[in-house]
Each structure stands twice: as C-alpha cells, then as structure tokens.
Amino acid sequence: MEIASYIFMTIGGLFYLLGGLGILRMPDTFNRIQAGTKATTLGAFTLLIGIGFNNPEWFPKLLLIIVFIAFANPIGSSALAKASYKSCDLPDNLVQDDLIDLFGGKEDGPS
Amino acid sequence: MSAILLIAVPLLAAFISILFKKYAHYILVFVSFASVFALGYMDLGTITVGGFNAPFGIVLILDDYSLIALYIVNTLFFLVAILNCNEFKKVGSIMLVALAGLNGLLLTGDLFNLFVFLEVAGIAAYLITTTNKKPLASFNYLIQGTVGSSLYLLGLILLYAMFGTLNMADMASSIANSGYGAGVTAFPFLLMFIGFGVEAKLLPFNSWTKGILANSNRLTGPMIASVYAAAIGFVFGRLLTNVFVIEDTFLIIVTIILIFSVVAGEAMAYASTKVREILLYSSVAQAALVVVVFMSGFTGWAVYLIIGNAAAKLVLFLITNTATKQLGNDDVETFKGLFVNNKVIGLAFTAVTLSVIGLPMFLGFVTKMNILENMFVSGDYIWPAIILITSVVEGIYFIRLLLNLWYKENDLPEVKFEFVLKYVVVIIAVLIMVFGVYTEPVQDSADNLVAYSYIEGGNL
Amino acid sequence: MKYVATFLVLFVSYIALAGIHVQELLLGAIVSAILTVILAKHVNYTIDYRFPVKLLVFIFAYLPLFVWQLVLSNLAVARIVLSPRIKKHLNPGFVKINTDLKGDFAKLTLANSITLTPGTLSVDIDGNDIYIHTVYIKGKTPEENRQNISAKFEKVLGVVFK
Amino acid sequence: MMDIIVFSLIGLGVLFAVSRLLIGPTPADRVVSLDTFNIIVIGVIALLANQFENSLYLDIAIVYGILAFIETIVFARYLEGQHGDC
Amino acid sequence: MTVELLILVALASGILAYFVGRLNKVLGAVVTIVASMFIFIMIGYMMQDINAGTTFNYNAVEYMPDFVTFMVTYLGLFFAILVTFIFAMVSFFNPFFVEKYKYPALYSMLYLFSLAGVLGVFLTDNFMVLFFFFEFIVWSGLFLIPLGKNNKAAISYYAFSTAGSFALLYAIFIMFAQTGSYNLHLGLATVSGTTEGTYVLALLAFAAFAKLGAFPLNVWLPRALGKAPDAITAVFSGGLEKLGAFVAVLALVKLAPIGDIAGTLGGLTEATFLFASQYIVATLGAMTIVFGTLMAIRQDDAKKLLAYSSMSNGGYILVALSLGGTLGLSGGLYHIVAHALASAAAFLAIGAVSRVTGTTKMSELGGMIHKMPVTYMVYLIAIISMAGIPPMGGFISKWLIFQAVIDNGLILIAVAVFFGSIGSFLYVFRPLAALFLGQELPQHRDKAKEAPFFMLLPMLILSGLIVFTGVMPNIFLDFINDVIAELGGTGLLLGDYTITGVNGVLQPTLIASVFGVGVLIAFIIFILLKKSKKVGLMDTYTAGNFIYTEELMHYSLDFYAPLERLYEKHINITKDFYKKLENKVVDFGRMIKYFFFTNKPEITVFWIIVLIGFLLWGEL
Amino acid sequence: MKNFLAFITVLVLGYMIVVSLDNNEAFPAYGEADVSSRVSQAFIDRSVTEDPGDIIFGQATNLESGPANIVTAIVADYRSFDTLGEVTVLFVSSLGVALLLGGKKQKRLELNFHPNFMLRVGSRALFGIILMTGVYIAIHGHLTPGGGFPGGAMIASSMLLLYLADDEFRAKIKGFKMLESFAGTAYVLIGLTGLLLGGYFLENLLDNGVIGDLFSAGIIPIVYVLIGLKVGSEISGIIDNFLTEEGV
Amino acid sequence: MLQYAAIAMLMLGLYGLLTQRNIIKIIVSINILEIGLNLFIVSVGYVEGGIAPILTSDFNNNGLVFVDPLPSALVLTAIVIGVGTTALGLALAKNIYQKYGTFEIDEMGEE
C-alpha cells in the first residue's frame, strides 16, 4: 500500500514538474494553457490518489477535491483561453482561425 | 443597567433598521436619546463579556471618566442626530453603528477591542463623510485612517509579543513590573501614538481633515469636529494617562509633534479666509492641546478642555454649515454681517468663540487658567509660554472673524436658522457661560478626576 | 426531480467533507434539504430514473476512456515539452467542430474532456459548434478534426446523457 | 526519502511556473502560470496533510482550490474586457 | 459699600442698561450716567474709610471661589477714583452719541461692564482677580471700538492688550509657583530681588507697555483711539490706558525696591538686573515720548493726533515711574492725573465737534470757535495742560519729572523729555488752529452749533479740574504722598502753597496768579479794542474768480512739512515690524497648508516614516 | 528618482525595524514565543474561570469553552465581543457600499463581453460544491480550522461565481437584506440573552458537551453559523452592488 | 524568516503608499501593508515545533506544544476588517471614477 502510494505520489510530482516546465517552455499563451492544464490535472489526480492510499479514511474528501479539479481546471483554462484570444495579439504561427467567426475578430461573443 | 447595552442596543437597532430603511432615522433619534437617558441608570464598574474575567476576556470599564465621556459624546451625538435626521436619512443605519462604535471606544478596557471599535467608528465616519460629496477627500480619510489603525495594531501586537496581554490595566502593570526600561516600549507606543494621532488630527498625520471639514455639511462638520473629536480625545486620554510610558527620544518626538500641531494649527487658522478652514485648523491646535494636558497629568482639566471644545465646535460648525449651505460658500467675505439680522445665533456663536479663546466669564477661561496654573506648579514653564503665545494668535483670528460677522452696513447676507437649531446653540452657549461663572462644580469634578487614576481601580 | 438532484449533489458534497457520522448525516441532510428548497430552481441540476444506470455507464465506460486519454495527452505534452526544439511539434490553430450532443451538461463534459486530452483545448461552445485550440492540426476538414478530437467521447457521452 | 523526491519535483515545477509568472509577457500568461501554481499548491497542501497526518489540511486544500478557481475566473473575466491591452 | 457689591452694581446696571437700551437707546445711555456717577461717588466715599497705614481687606461673599478677595489700598483707590471719575464724566456724552451706534444697547452695557472691570482691577489684592478683570475689560472694550466702524482698530487693540494680559498672566503664574498663592503683595515681595523677579519685571513691563501703548507696543493705540467712537476714545485715553500705568507702578515701584537708580547700582546683586531692566524701561519710555511726538506732529486727524499725544504722555509716566525716588513717583503719579483729565477733556471737545460736523479731520474743519466757543475754551485749557504750560496740572507733573530726570543725571532721557515738551507745543496747537480758528467751512456752517448743556457740563468740570490741579496741586499731592508712603517711599515735602523739589521750590499758586493776571489783561485788551473784521470765505476773489486751494483755507495744512521730511521714512518702523510679523505668520500657515493639507496620503505616510526612523535611529 | 528615494527610505526603515526588534530585550525572537507567559495559555488550558485539569479530545466535558479549535474558542467565546465588532465592520461596509453605489433602480452591469459556455454551465455545477464547502466550514468552525468568516466568504464566493459566470444572474437582494438583518439581530439577541439569564453579555448558556463532538461547544456553532450567514449575505450584497448599475 | 517577510511586505505596502498616485494602486498598497501586518501578527505567535492549536483525534490533549492561538484569532478579525475597508475603498474609487473619469489623483485637480 505504502509503495503504491509513493509511486503515485512521485508520478504526481513528475506531472507537476512537467506542467511547470510546459508553462515555461511553450512558445505562446494557448500552448502554455494546454501544457499547464493537462499536466497539473493529472498530477493532482495521481498525487491525491497516492495520498489516499496512505490514508484510506480520507478518500471521500480527496475524491471531492479530484472531482472539483476535474471540473474547475478545464473551465478555468477555457475561460482564460477565451480571454487571451480576445485581449491579446494572436501568435503568428496560427495555421487556422475558426474562432474569428464567433468573436468577429475581437468583438462580442455569443451567449 | 449594564453599560454593554450602550453598545448592544444601537447595534441591534442598526441590524434591524436595514429592513425598515424609511424609519432608520427615527430609530436613530430614539436610540441616541435613549442612550443619553439610560446613562443615568448605569452601574459603575467593570463589565466582563461572556463571563471571562480580565485580563483573559474583554472587559468594559464604566468609571467616572468613561461616564463623563459617554454623557458628552452621547449628548452631542443626539443633538447632531436630531438636527440632521431629516436631511440625511440615508445614513441613519450607519449613524447607529457609529454610535455603537463610539460607545465601545469609550467603554472598552482591552487594547485590541479598542482597535476593533476604532475601525467600527472609523468606517462609519468615512461613510458619514461621503455625504460631503467629495469622494476623493473621503478616500483620503479612509486611507489615512486605515494606515493609522494599522500602525496602532502593529504597536499593539509588539506589546502583546513582549508582555503577553491585551488588557489595558494588565498591560500597564506588566510593563511597570517587567523591569525593562522605557526603551523597550518606545517603538510600539510611538506606533500607537501615531495611530491615534491620525484620528486625533495631530500634525503631520492629519492631512485628511481639510478635505473633510472644509467641505463639511451640517452633519459631517459637527460629527467629525465635535462628536468624534471628543470621543477620540477621551480614549487617547485614557491611553496617555494609563498605558503609555513616554520618555526619552519618544518624549522628544511627541513634544515636537505637539508643539508643531499647536503652532502650525493656529498659524494656518490665522492664514485662512474661509470660516470652516479657520474652525478646522483651530481644531488641530486644540486637539494637540488636549494631548498635552493629558500628558501633563491634568486629567480633569483635559476633560473640560475636550468638553468645551466639543460643545464649541458643535455650535460653530452647525451655524457655519447652515449658513454655507444657504450662501453658497464660506468665505469670510460672504459671511460678513451675518449676525446683524441673526442676533441670537450671533450671540451663541460669540459666546462659544470667546470661550474657546479663553476669555473670562466663559468655561474656556476657567479651563485654561487651571491648566496653566497646574503646569506652573509642576514646574513646566515652556508649554504655558507656547499656549499663551499661540492663544494670542488664536484670539486675533477669532476676534477678527467675530467682528466681521457682527459689523457690516449694507448687503447683509440672508440666512434662516430653524428654531431647533437656535434652541440647541443657545442652550450650549448659556451652559458655557453659566459654568464659566459658577465654577465650583467644574473645579470640584476636575479635581476629583485629577486624583482619580483608573489603573488602580482596574476592577472597580 | 431537480429537487432530488440538487439534494443529492449538496448532501454528497457535505458527507464527502464531513465524513460519515450519525450527527453529520443528520445535520447534512437537514442543511441540504433547506438549501435545496432555496436553490433548486437556480442551479438546474436534472436527473431522471435512469440515473443509476447512467452513472454506471459513466464510471465504467467513460471514466476509463477519459483517464486513458488524459494519460496519453500528458505523454504527448511531455514529448513536446521535453524536446529540445519545441516549434517543430507545433502546428497550432483554432478549429471548429460539430457535436451531436444535446443538453448543456453533456456539452460541458465533452468540452472538458476535449480540454484534458491530447493537444486540444476548448475555448467556447456556440450551439452545436465547439471551438478548439489545437496544438497540431492534422485534419483538413471539420469532419476530420471531429474524428480526431471528439468522436470517441461523443459515443460514450451520447449514452450517458441521452 | 520519497518525500524529498516528491517535494523537490514539485518544487521544481513551482519554480518553473513562477518563472513564467515573472516573465509574462502578457497578462494572460501570468494568469495561466498563477493558475498552474495554484493547482500545484493544492497538491502541496495535501502532501502536508499526509506529512503531518492531519486531515485538517485537506479542508484548507479544498478552500484554497475553490478560491484559486474563482481567482482564475475573475482574472479571465477581467482580461476579456481589456481589448488589446497586452 | 463693598467692592464686590459695587462691581455687581456695575454689572447689573450694565444688563439693565442693555434692556432699557433695547426699548429706548437714549434711556439706556442715561442709565450709564446714573450708574457711573453712583459708582464714582461710592468710590469717593471709600476715602473716608482709609487712613495712612491702614488698608482693609476682606474675602468676598461665599458663592465665589474662595480665592476671590478684594482690597482697598491707597494705590488702588488713587487709580479707581481717577478712572471712575473719567467714566462718570464721559457718560454724560453717551445719550448724545448712542444714535450713531449699530448696537446702542450693547454700547451701554459694555460701557458699564468696562467700569466693573476697572473696579475689579484696582481694588483687589489678588492677582487672579486682577487678571480676570483685566481680560474682562479687554473683551468688553473689544466690542466697543468697532462701534466706531473700524474692525481693524479693534483687532489691533485686542492683539496688543491680550499679549500684554498674557505677559501679566505669565508673571502671575511665576509668582504663584513661588508662593503658592495669588496674593499680589506677597507675590511681588517674594520675587523681588530674585532671578524670577527680573522675569516678572520684564513681563509686567511688557503688560504695562502694551496697555499704555508705549514703544514698541504702540501700534494699536493710535488706531484704537483714532477709530473708536468719540466718547469711548476719552474713556480709553483718560481711563483704561491707566491700567497700564497701574501695572507699571506694580512692576517698577512695588517690585523693584524704591530708590534712585544711580545710587544702588554699585552692588552686583540679583537686584542689579532689576535696575538694569529699569534703565531699559526708562529708555523705552523716552523713545515712546519721541515717537509719539513725531507721529503726532504729522497727523491730519485731530483724534489721531491726540492719540499719539496720549502715547507720548504714557512715555512720561513710564520714565517717571522707572526713575523712582520721591520726585519720580510723585511726578509719575501726578502726570497720570493730569493727563487723564487733560486728554479726557480734549477728546470730549473733539467729540463735541465731531458730533455736529461728522468729522475730526483737520483739513475738513475750521472756524468752529464762532459756533462752539465753550468747547474751544475747554480744548484750549486741555492742550495747555498737555503741553505742560502753567498754570495747568500738566505743568506741575512735567516740572517734577524734569527734576527727577536731571537729578538722576540721565542725559539722553532728559533730552527726550525736553524734546517731547517742545514737540507737544508744536502739535497740540495745530488742532486748535485747524478746528477752531481759521475759515468756517461752508459744509458745516449751518449744522454746527454749541454742544448742549449736559455735554458742556462734564467738559467744564474737567477743565475746572485741570486748572485746579495746576493751581492747588498740593491737595492731590497730599493723597499721592499717602500712596507713596504705602508703597514704602517718601513723599514730597509740601508746604501750604509750595512744593519742594531737588533744585528748588515750586509755588504753583503764585505762578498761576501771574498767568491769571496776564490772561486777564489780554482779555481786557480783546474786549476793549476794536473788533477785527470777519472775512467770509467767498470774499476772496482774484479776477472775478474764487480761488480755491486747500492752503487758502487751512493754514494748518503742511504745518511742519520740513520737519516731517526729516523722519518720514523711518517713522513707521514699528508698524512695519508688526506687519512683517503678521505676514510671517500667514506665510508659515500657508506653507504648512500647502505641504500637509492635500488629498495626498503619501505625505502623511512619509512623515510617519520619518518619525519612526527618528525614534529607531538611536538603536542602530 | 522619487521612486528610488522612496525605495531607499523604506529599505532603511525596514532595516531599522528589524535591528530594533532584534535588540529589543523584551521582544521574543521568531519561534521563541513563550506562550506560557501569555494570557493565551489560559485559553489553551481552558482555565480562565477554573482549572479543569488535563483535557482529552473526545472525553473532556463541560469545559468553560467547548471548541476543539482553540482559535475558535478565542474568536467565538473568549473574545466573542471582538467578533461582534468585526461583524459590525463588515455590516457597515456593506451598508456603505450600498450607499455609495446604490442608485434608484438597479440592473446588472452591462458588459460588452460575455462568459463562455463552459464557464456558464460549469459554474452552476460547481456552485453546489462550493456552497456546501462554505456551509461545512461554518458549521465545523469549532472543530476544524475555519469558522463563520471563511464559511461566509465561501458562500459569498459561490454567489460571486454565479455573478461572474452569467451576465443575467442577480440574486434576490431583499433576501440578502433579510438574512443579514436576521443574523445580526440574532447574534446580538443571543448576547443579550446571556446578559439577561447569565449576567454576562454573550455568555455561553448552552451545554458545552464533549470536546470534539459536532454537537458541542454550546452556542458557538450557532453563533458561527449566524456569522457565516451574515458574512455571506453581506459580501454577496457588496458583490451585487459592484456588479449592478442604475437602470431600468 | 516569516517575520522578515512580514516586515518586508509592510515596507512594500509603505513604498506603494509613498509612490503610487493611482487610487486602485493605493488600495492595493494598503492591502499589501495589511497582509504584511497580518503575517507579522501570526509570526509573533509562532513557537518552534508548535502545531496548530486544534485538538483532533490524533492530537488529543492540551499538553502538546501549540503555537499561540491568540494572534491567529486576532488575525482573523484583522483580515475581516481589512476586507471591509477594502470594499469601501473600492466603492469610493468607483465614485471617484464617476466624478473625475480617472483613477489618477494627479489628473483630478484640487477639490
């Protein structure tokens, strides 16, 4: 049990590191969001599960955190992506931009 | 009756009043009147909250000193409330909180609780000043007040770290028994002094006063310059006499601050050509004087100085702001001849002004003479000289103002003062004159307060 | 039924936090009930009698798929991030794909799943169009992109949120 | 031993995230790195709970997570209104 | 009647006068006549109860704080009688002037309040009571002055009076700290000859200077006397100014040991400082004489001219008192009487003119002798006394003062004193010439007429007394001898009709008789000889045109122009000094406002940091 | 230049403060606070009124102050009066914000940008969890870190999320007002009941139970829930005021 | 360390108050100052090796070494008060903006 826990925790740590590195190395905002979100989400999941193996009685609470992160992280990322799209100059390496239909360049969006 | 009701009832009323917005100002008048009335039935002594004794729990202290303070502040508050309740309905609930905060300030015997009530009263004050419609000035007041109270809190925490208590009396005796020199407490006390200095309008921490008082209306002028000034004066006095140890470098700094406040305050008033500015700069000097007298240990006379000042500023700001509203501005030039057709108002204004200057037949004279006498007896020859010299300056600008208001031939300004206002200012003026002549009770009560020290009676 | 849904969400959250204990269950139930009455019509949680079944499908069909995709996506990210020359792995752009899913919650789940899987990030949804930022655009047409990005989730989610 | 490895991995991650926070260059970049940083912190708090064997820290982790999420949303909503302000 | 009862009467009648005055202005003013006459008479009665060497002292009734005590001394009584008399005399003018005031009822009230203050100041042995009434007079006087429609004058008056009062107060407290009591005699006796005594002397001298309007505290006096209502001017100059003289007596005579300055300077004791201070006082007194004289010479306004004359006469009093000794004291005290009477009479006369003409400017007046001969006579007698010409009271006092100065061998001061005498010749006759002689001006021709009886009455009484003090000074000097004896000195040696000084014996009656005969002869000649032809203004034509130049109508204009040119650049030195002082205060106030009172929190924060840094500096 | 001078100034001041505190013989160095010489030792020992001996979690009953969380014991019991004051500060602030920003008619602030779909839908999903966390924190203030203020803040946060995630959303302000008034009034009334029945304002009249139980610590959980409600409604009110404007 | 950090934040707040002329930035400065202050308060109660002053089933008696709970309680109060002040400051800032159309004090002129 303890070994499993530590394995999970180490993997979690690795993904956290990966997330940090992604944030740092990716060349533009959207790619940074991508790298950060995915890595840290998985990192948090594994880390928390690892902790859960160590303390089984904490599982409900940890699960709640996981569920929360599973929802919150992508939502936050998408909101940030939209904000970044609307407020900043787009990176020059874009090969395609369908979003321009939706936001009309920089103008108003739907909903 | 437990004095805690003086805090609880206004709070309760404030919480309820937000559901009955239209009647908030009636509730306010009723509660503030009830507070004054109820003071007669309060039991003197130490009140513990929640059943936990000092120094562990928070205690409130109702002794002679706080009782006088409560009477003054509540009465002034009531007068301000009843004179303005119709015009400033919007701030009814906030005024109730202000009342609770002020009473809490005056009653509490706990240094941190004092901070809390300082903030309660302070925030209420910032809000009341927004009725001036000068948001930048109110903002400035808010920032400076917050910096001040933060410094107070920092000083307080340093003291807690050193002496492990928050109770005023316990703190004072811990410091006295600790065996450390005054150097240890100088820094925290300076921080706390500055914190209160901001609220008490001491230079150079008082730059908020101009924006607030020079643009004041009938509510904010009397409220800040009279009610709040009195309350802060009383609380500051309690700290100065019972908690603070002021020695060495700290004493030098404090003395510089105070001399600067008195001298610059009078000079600024002298240099002003607007009535409210004259009054507000005069307040700066007076506030510093109050601190000086407390520091000198003449508690009773400091109390009378506060009382005289608060009563005077109430009358002066009420009259000035009423006239300003009707005349459009408060230049002395505009006000010229104001009293020619408003003799009753003029007499009241004159009486309280002469009292502030300290001319005989008025309460201010009795106070000033006794303060000077006590200073000389205690061997202090410097402050009396400063006080007397600045008094000349003070006298000149006030007399100049009075004469301008009384003597003018044509084009007299047209101002109407309502009956209630006349009634109030005349009563205050008469009281100031009565106690200026019939001085025995003043003398006796002041002497009693001088002899009284609240530390010994921590648990009265 | 939305009352039941709301109550369940609140109650489960509470118990997850407070742990299973008689006093907690009691208090949790009471509080959840009160809040359900107040909030139900604002939050729009919906549920129907097929919920247990759907839950099972969700847990045993969707979650494994999702976790697998998540792991894959992270490996993909790792590959990019750790490579010395990042730029050559990138061919970014915003693409629009279509979804057949109905219901806000279904679309949300899809969007989140897309976000957490390799190389894609949902930016917004307008009607049936999902706008996605893609690290490396492979497809030429929207349909191709749809196949690459969301098709596998849609199948499962279509069952869950029917 | 394992703890040290886990903590140093996470520590490096934090370091990278904070570097991006400082570099920017756009406000969006900073918010993204802050968001990442926050999620890492949740994990750290949970690790602390594990370390001290004290479940009270998990409550803190939840609250922190919620506040971090709302913070991100607030920043995102704020940035949306800042047209071309990078 | 006891003192505190008299004070109460004064206060009560003041309030009565106010309410009566609200109903009828004139009636209110009549109340002031009745009350001040009554009080004067009652004070006069006190003469009976007082004998050389005995004074009576008592605590006032119980409702007052127990330190309130009153005491009747020769010194106090001397001043009280003199000043209440002036009040009584001037009060006759009140009914004729109240019409002109903005707040007539207030005038009547404050008039009597001031009188109450006078009683309190002179008839107490308690410094606190003295100060109380001192200030009481200040603020009642304060509202009297602007009734003459000049606020600035009132403010100057307040500023200097208060500065003086506060100096007095500070001295009082120094003595209190030494003795623990406010007893006047005890306090002065205790500090006399000590270091504190020097401070007290300096402070009391400051107070005296401020009240007397002596150099360099002279700015207010001409303003206040020049602009105050006419009747009040007489009270200020003849009466209230004498408060300063009273304080000067306390400082220079009671505090400093009586004796000739030169004689005691040998030993270098603490007392040396006192005497050195007295030298300074004497010198400043001399400067007051000179400045007052120079300023008076160049005035156009008759009231202002007299005001400067008052200032200059205050200088005489200071010089005399600071010299001390028998001659100095007698001369000083007698000069107080002489000047009080003369200046009251002169101001009343000017007031009478101003009442009918509405102006006191010499350039706007002339030829009033034709319409107001009695007033002219009164004014003539008053200025003769002021100029120190026999047979008036002013001659006696100046004679004594001259002798004292010469006796002490103070050459420079002697020069100043002589200069003052010659100068007063120069200036007092100008108003005489300008107002009463010369051409009658058309604008006043119809309105002008002699003052009514009740105005003439006090003027005549006053001029009678002026003559009487010149002819029979021994009656007064006798009382002054009692005062001096009470102060611990020796009085003048008085024969039936002679005064013995150092350098000779003065026979006032004889001198007066000689002058009387001379005047009689002149009058007979005036009656017997043919009347001079009266030339109207319009009778002077040149080429059919009336030539209008100011010089034509006023030969008093630019009277001393060449003389003025000598000093016109330097004469305003004190005025400029106070103006600059005021500007400095204003600048300082503005600077502080500019630096601190803005909507900028950083200023506050900055100073907080500075102060904290200052405290922590020592710990580095 | 000004900034540089200011920087030097605060640098010097900070240095001075550090040195001063280091040199101050009465001020304990960091980490060396002597709790036993402070009043707080009595709070830890629950020995202000009488000495209960050793306190064991889950066993000790009827202590003078019941919370297992000693900070809560101080905040809501030993120094509850401070807390009343602080509730008042928040109350008057929210009144003030309403006074400053409240017009006649109110509608949502009109923004020319809108939340994206995920945020709009997702926030509703998360709302329940956040709200419940707030409730949980407020209720368990006497057992775990947290209490009325963080709980109230969480409740308000959940409202804020809804405001942020939906341009149309507006909570019922009248309800907030009622809740705010009710919670404040109840707090003071509880205090007054203590005064009336026990002789002391805010006296804990209920049974303190076994330390560590959910139903323990007498009135403290009740007070804390009231505070949570009050704080939640007040901050929500403040949020509403900032996100609304005058309009039809 | 924590104490130095606290003092540094206090100083940073003061620096902000000294230099900033934008009212929003002034509010931020005040908040930094308050955070520094609150940190300092907490630091004053820290005891080397002390645990959070909460009894739990794991740490179940009052004989343990706790950090001083009183400063923590005071900080709670101070934080809430700070929140109130900040809210008010922001409301005033909004009013000021409505009146002057700017947040820069220098652009407002004298009142």
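Some points to look at:
In this document, chain identifiers A, B, C, D, E, F and G correspond to the written order of the chains, with residue numbering beginning at 1 in each.
Just so it is clear, contacts are C-beta pairs under 8 Å (C-beta built on N, C-alpha and C of every residue); 3 or more make two chains touch, one makes a residue touch a chain.
Remember, it's a predicted structure, so these values are computed and weren't measured experimentally.
Common neighbours of chain F and chain G, by the contact definition above: B, D, E. Hopping across touching chains, the smallest step count from chain C to chain F is 1.
Fewest steps needed to get from chain D to chain G, stepping only to touching chains, is 1. With every chain reduced to the mean of its CA atoms, the largest distance from chain F is reached by E. A centroid comparison over C-alpha atoms places E as the chain most distant from chain G. If you average the CA atoms of chain B and of chain D, the two centres end up 49 Å from each other.
One simple way to say how far apart two chains are is to compare their mean CA positions; for chain A and chain D this gives 11 Å.
Our note on geometry: chain E versus chain F, Cα centroid distance of 74 Å, whole angstroms.
Taking each chain's centre as the average of its CA atoms, chain C and chain G sit 38 Å apart.
Looking at chain F, one finds that residues 9-10, 13, 17, 20-21, 28, 33, 38-40, 43, 79, 82, 85-86, 89, 92-93, 96, 100, 112-113, 115-119, 122-123, 125-126, 129, 133, 140, 144-145 touch two or more other chains. Shown for chain G are the residues that touch two or more other chains, namely 10, 14, 17-19, 26, 44, 52, 54, 56, 59, 70, 74, 77, 81, 84-85, 88, 92, 95, 105, 111. Within chain D, residues 53, 55-56, 59, 62, 66, 69, 73, 76-77, 80-81 each touch two or more of the remaining chains. Contacts between chains, counted with the stated touch criterion, involve the pairs A-C, A-D, A-F, B-E, B-F, B-G, C-F, D-F, D-G, E-F, E-G, F-G.
For chain D in complex with chain F, the touching residues are 56, 59-60, 62-63, 66-67, 69-70, 73-74, 76-77, 80-81. Listed in rising order, the residues of chain G touching chain F in the complex are 1-4, 7-8, 10-12, 14-15, 18-19, 43-48, 50, 52-57, 59-63, 66-70, 72-74, 76-77, 79-81, 83-85, 87-88, 90-92, 94-95.
Partner chain E is touched in their complex by these residues of chain B: 136-137, 139-140, 143-144, 147, 151, 183, 186-187, 190-191, 194, 198, 203-211, 249-250, 253, 257, 264, 267-272, 281, 340, 354, 359-361, 365, 369, 372-373, 376-377, 379, 381, 384-385, 388-389, 391-393, 395-396, 399-400, 403-404, 406-407, 409, 438-440, 443. The part of chain E that touches chain F in the complex is made up of residues 606, 609, 612-613, 616-617, 619-620. Residues of chain G touching chain B in their complex: 10, 17, 23, 26-27, 30, 33-34, 37, 40-41, 44, 70-71, 74, 77-78, 81, 84-85, 88-89, 92-93, 95-96, 99-100, 105, 108, 111.
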